[in-house]
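Naming follows writing order (A, B and C), and every chain is counted from residue 1.
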């Protein structure tokens, strides 16, 4: 069993006639937090969508563990331990917190009971326990992000894929969420994170990829990457 | 020398949203000015203000000495300003030649039909569509449609060309080809204002860069200088203080401090 | 235009219309062709807005009806000769259309279409209450008016040749516009009005011109039609059925083509004539029209001529 829980090879994808990803390869290693950064339009969200199955890749492979999951529909992937926390939360805002969590819990592969998972999630996010009957749409931005992450956790995933953590959230809230992610990582969860703020991404991750123009521009250990001008080049061209 | 384009404190509001805020800059004839900025910075809105699709709430737009603030798009076109769109707008059931002929007929020169057809052919040849003159626009590939968008704008013999993401969705070979075409267009005397997300392309094409963020001008200057401007870097890469506070909370146990980025 | 084969095809068709009823003094053929000429006139002029500029005018009947009223009124109340009355009707209706246009041409798509119906309803309501034009009873003209034309018999021939002339003018006009710069601008508007404006097509002016141009000849046709019948009333003059049929014809024949619309008009008129006289179908005329429209929209969106052009590409240059 390789140390890469999730492995993407030569991924090609796009929308309609427009191709966005031109052969992208990356790995998310077990028990690590892998970050993806890059300018808007570079293909970060497209990559996550193709991995999660919301978008069908035009070419390339997505390997989850030893299995080729490239063309599996997203609900099946979710059932196998691959959970996506989408950009902008995308909660069921008319439903309560508890209902949102329940909807995330469909997971044939999980060995733990629904009650156990719910307890774990409320343990990580006590605020949600207090507000479990509240309509999700009435929560604050930070609380909604908690629900989104919690919902992802309810399927007892092996890998949690998060599209934009810090977007639109106050720093104080971001720190809380990051602390929780650290805890989860220590408990063995693999995390793949797309993050708008490069500095934050480098500060958090064990390994980082920089996407530009639909390809991996550069990659490496955060400390190495921080020392080179490559990231700036990826964002600003020079 | 009259400036080709002058924006003087242009502002545009949509309800409560300030899309473009007090923006001013000047373009000289024959230059390529690149307009960059994070998503939602107001770049496409600015194009729409310049060519008359939107009317500014305040400020002036002067094109080649003529005040075109708030003028309707077809009048702006008659003054010699042409534009391509981010989402291409071909006249689908007309051929490549017919599309370009429309551009030639109604642009700056107001040509009669037969002269316009000649101008159309020349424009199509410049972008490499002369092998597909009688193909219906709807049968073109995305690269073909982008070339058509450009040819149609060129057929009007504009003095100023606004290019909105003309490279988006093209493969690397097509991007190379288009960059060559854009350089040739400038060499033929057309001034170009270009929005592009392909940073390497726009930085190498542009003589100067203007950076927009939240509708305001963040920086202006030579590409190399703009790329090193700390404010610009922060706009794209995010606030470094966020990470530094995290590290201090952590007791310094994090991985990189991204100080050199 | 004279160098194009289609110009000569149009000329041939006009000649055929003019000459064929003369052979053996065939009055029945003349009447049938007269009606066909009316349909061709209405559909070809409607095609300018519908097929070229992409604006669906459900109320094109208003030009026909108003043209009829102005002509009849001038002939009856002011004893004007037919020729001047027709011309005055055409000019009057074109000017009126510019006024209507100021109001409705800034609307798009379904809103424009509905507003054209509104205009017909409004005009009909006005005329029904307008005493000088006979209100809802309409106007009868006395047979005296046929005297200058040589009496009722010869008058019908004169009127027929005028119908053919108006039809011919409509075909030449619609073709001439299609191959002109104005026509190119209209077609661009029909494809993508915003893109056309950005390219420099003066859209407000062109749309107004097109709308007004599409009113002129139908007004003359209306004047002739009601003069011939020696009677006009609001319910006939502003019957939306006729303009709806014109739309069906344009789509059946191939909107945007001159030949298709003309062919469609002729075929439709023949079909309609058959249905009206056949004992089985006489009440189903409009149902058939509706069904036809459904079939065309679903299976043959480019109409008859579109189908012919795609099967026989050579015809594209000849049958435009």
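Everything that follows uses one rule, which is that contacts are C-beta pairs under 8 Å (C-beta built on N, C-alpha and C of every residue); 3 or more make two chains touch, one makes a residue touch a chain.
In this text, all values refer to a predicted model and were calculated from it rather than measured experimentally.
Chain centres were defined as the mean of their Cα atoms; on that basis the chain farthest from chain C turns out to be A. When each chain is reduced to the mean of its CA atoms, the one lying nearest the mean of all protein CA atoms is B. With centres defined as mean CA coordinates, chain C is found 46 Å away from chain B. The distance from the centre of chain A to the centre of chain B, each centre being the mean of the chain's C-alpha atoms, comes to 33 Å.
Averaged Cα coordinates give chain A a centre that lies 63 Å from the centre of chain C. Contacts from chain A toward chain B in the complex involve residues 14, 17-20, 22, 39-42, 166, 171, 174-175, 178, 196-200, 202-206, 212-213, 221-229, 231-238.
Those residues of chain B lying in contact with chain C across their complex are 51, 53, 72-74, 77-78, 82-83, 85, 89-94, 98, 101-103, 105-108, 112-113, 116, 152, 156. In the complex of the two chains, the chain C residues touching chain B come out as 179-181, 184-185, 187-188, 191-192, 194-203. If you check the complex, the residues on chain B that touch chain A are 38-39, 141-142, 168-169, 171-172, 197-204, 223-224, 226-227, 232-233, 236-240, 242-247, 249, 254-261.
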